[in-house]
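Across the two complexes that follow, subunit A remains constant while its partner is subunit B and subsequently subunit C.
Moving on, here comes the complex of A and B:
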């Protein structure tokens, strides 16, 4: 109970902001189309859920985001682990990773549209390409840092390459790999929403742009806040997942 | 407090990644192999595009893209778009840097400021703030002010958390001895606390800079007009695939140059710090 009280006291400033928002909008201190009252935004949110717009577009976004991110995690993680174990691959692929690491990922949006059009495929490819590199670098750094003594003793006990990878390298690479995935998760949200905002006929970003262009600003605010909350919640849930997964380390 | 520390670890993780990426380039053998792989990539691109397996629309040959970049450079379009994009990204970055350090320092010193901003920062950092783009357009219109504002809004969070974490990590003994020697609060902040926190603040800036560039380009794509992002988007609308690929190459070079420049600034500013000595 005390913990709940403390947590709600810590988030009191957010509540104050919400009240200030409502007051500013209700007292007409700003143009009400630029800032509709929070209560009206809440009503619009319920309407969007009832009318299924939010659910359908949200499902499209979550599908694109999760498929792209999963591909990036397996593709990028696998590449990073292989690079750490296989020197030849490391020497020749690492420069390419370094070349593409600083590329502002948003530059890929028009290219994926050129290749795959306006639908799901281009968003999935965009998220895969954009999110792969942080995962690769996390897996690579983590696997290179794994304890040599562990690797040697596993080898002397007759572990083959595959078992070595799975039982020794992956667990010791896990903390850095998981951090890379966290960066990728944040990036996936950014790429998803912005690509849907710029070129799409479906998804959260599309819905935001559509509602904005038809002047339904209450609805637009409702979707923006939903996306923002989902991004925040995904990060917090992922952190809980990391804590649970890394329990075995003291 | 826990919230801000958790989010700071996100910034730390990204910075650790970029720092390691820089350090790995040391051996001569490796840099030779690096030039080799990039050449192989470009030759493979050229050969694949000319093989007839893909249309020139899907993948124009590298030579055609290079020609296009050259033509844009001669005509002056390239420099104008580059200047506009860099102006937006770097102005936004500069405002986020100054504002973020100031807010972080205020939060570290003043309990009420900290109480108020702590939940806002820890909730706001992991949010996809780009979703607010249409709201910012609604408020500020389609011109530079709104594009720069989006950049600031996105880039300021890692700076604030890095400043806070850096100031929290300053050794107590440093502060005590400064106070003993008669430094007032302002001198303590400017001459002791902020320099001691500088490595972490720079880490935050190194996270914020690529964010600023990514967001500036997204804003240009969404709002149109001049700039590298806007030029890419209009090329894409006119199915001008050489223009799109020229944009990718230009933006990749800009991103690479900015990140290297930032790493250089870090090394210059931290000449006194043991981290720089370790690098050599």
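Moving on, here comes the complex of A and C:
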């Protein structure tokens, strides 16, 4: 019970913000087209769900986001681990990673469209490229930091190189790799919505842009809040997953 | 109490029955940045089957490096190291190692750590579970099977590491300052325990330490190493009656410690002068 109280107390500021929002809009302190009351946003949300716009566009977005992110996790994780153990690859790829790191990935939106068109492919490629960087860096740093005494112990107990990689390097790299994936998760949402806003006929970003341009501001806010909530929930669930996976750490 | 029946070998002169033969080994340590350092220079040493030899020397004298060469973790570039008549080329389960900082897999429980070597040896499941439990019991960790290393004290971690290495039954035990990270009391208890374990399951042991008392108490022979570049300066038989619990207070023990300390002291002073950071 005390835990429930504490957990809800943490969200008290959010509740206050919601009340303030409603009050400001209802009292006409700001133009109601710029900030429609939250209650009307809620009604618009229900309409969007009933009309399936939110569901269909959401499904399209989640498909692109999860495929891009999964590719980035496996591609980037594998690349980072190999770079840490194989010098030649490190020498070739590390400068590329460093060059690509500070580039605003949204600048690649037109490039990916040029390559793969307006459909799912360009969004998946964009998310894959953008999210791969933090995952690669996490895996690389984590694997580089692995204790050589653990590597030697495994080898002296009869593990061959491949076995040792899987049994020692991967779990040693895991904490940093998982942090990299967390960054990638947030980045996936950003890249997803911004690419859909600019060039798409489907998805959350498209829906926000469409509703905004037709003056359906209640609906637009409803979609924005939905995306915000999904991002928050994904991060929370992911953190619980990390906690469960890394319970050996005290 | 069972005592080892194998006669302790006398060193180089009986190298015919030695299990480990180190001949003319020189090792250059190349740090990622900075100049290469000559860590070992013309080191020769033989260790007999089931003999307990301590490598004693000041810090930085290359005694751990020598151990890693025997383990096959570093390549031998000059000279040769033979184990059971074959040159060492890679790590192998005939040589188990125990590190100062335990090197337990932090993501595995005590039991899983000990099982790891047995799994790599492809021991059948029922057999390895039984064997793991018997070594958990041997080192007194019954009840902590499902604890993670982060939940254990330093002494318990090192017990786990020792059990893990003993469990896959290597002929040779390489110990790299295994009690160096423990507090003084735990250290004394662990020394006695290791001594008892060794008497029950005799193995060839090379034990690296910079503690003279520890070396004399545990080993049958002590190889004193010089400051960097490390060489074997002297080999001294301890001739201590290890079955006597009060041995560390005996006259012969104290004299032996004195004699070896005098040899080590000069080297320790030299080593201090050579340390660039101090």
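The rule is simple: the second predicted complex is superposed on the first by the 249 of 250 C-alpha atoms of A that agree within 3 Å, B and C clash if a C-alpha of one lies under 4 Å from a C-alpha of the other, contacts with A are read in each partner's own complex, and residues count from 1 in each chain.
Heads up, the rule we're going with is that a contact is a pair of C-beta atoms (placed from the backbone, for glycine too) under 8 Å apart; a residue touches a chain by one contact, two chains touch by 3 or more.
From a predicted model like this one, the values you see are computed outputs, not experimental measurements.
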Worksheet item: Should the pairing of subunit B and subunit C on subunit A count as a clash or a fit in the superposition?
Response: fit
Worksheet entry | First, second, both or neither for A:239, with subunit B first and subunit C second | first
Worksheet item: Given the superposition on chain A, what is the angle at the CA centre of subunit A with arms to the CA centres of subunit B and subunit C, as a multiple of 10 degrees?
Response: 90
Fill in: Contacts of A:154 with subunit B and subunit C, given as first, second, both or neither
second
Item to complete: Could you let me know whether more residues of subunit A are touched by subunit B or by subunit C?
Response: B
Fill in: Partner chain(s) touched by A:117 [first = subunit B, second = subunit C, both, neither]
neither
Discussion item. One more residue to check, A:51. First (subunit B), second (subunit C), both or neither?
Written reply: neither
Worksheet item: In the superposed arrangement, does A:168 touch subunit B (first), subunit C (second), both or neither?
Response: second
Fill in: Partner chain(s) touched by A:134 [first = subunit B, second = subunit C, both, neither]
first
Worksheet item: Between subunit B and subunit C, what is the shortest CA distance in the superposition, whole Å?
Response: 8
Worksheet item: Which residues would you name on subunit A as touching subunit B in one complex and subunit C in the other?
Response: none
Fill in: Residue ranges of subunit A touching subunit C (in the complex, touch as defined)
147, 149-150, 152-159, 163, 167-168, 171, 174, 248-250
Worksheet entry | subunit A-touching residues of subunit B, taken from the complex the two chains share | 3, 6, 9-10, 13-14, 16-18, 20-21, 24-25, 29-30, 33-38, 40-41, 57-58, 115-120, 123, 126-135, 137-139, 210, 213-215, 217-218, 221-222, 228-229, 232-233, 235-236, 239, 241, 244-245, 247-248, 251-252, 254-256, 258-259
Worksheet, complete the sentence: As the complex stands, subunit C meets subunit A at residues 68, 71-73, 90-93, 95-97, 99, 101, 103, 105-108, 116-117, 120-121, 148-151, 164, 168, 170
Worksheet item: In the complex of these two chains, what residues of subunit A are touching subunit B?
Response: 10-14, 17, 34, 91-111, 113-115, 134, 137-138, 141, 176, 179-180, 182-183, 186, 189-190, 192-194, 197-199, 204-205, 208-209, 212, 217, 220-221, 223-224, 227-229, 231-232, 234-236, 239
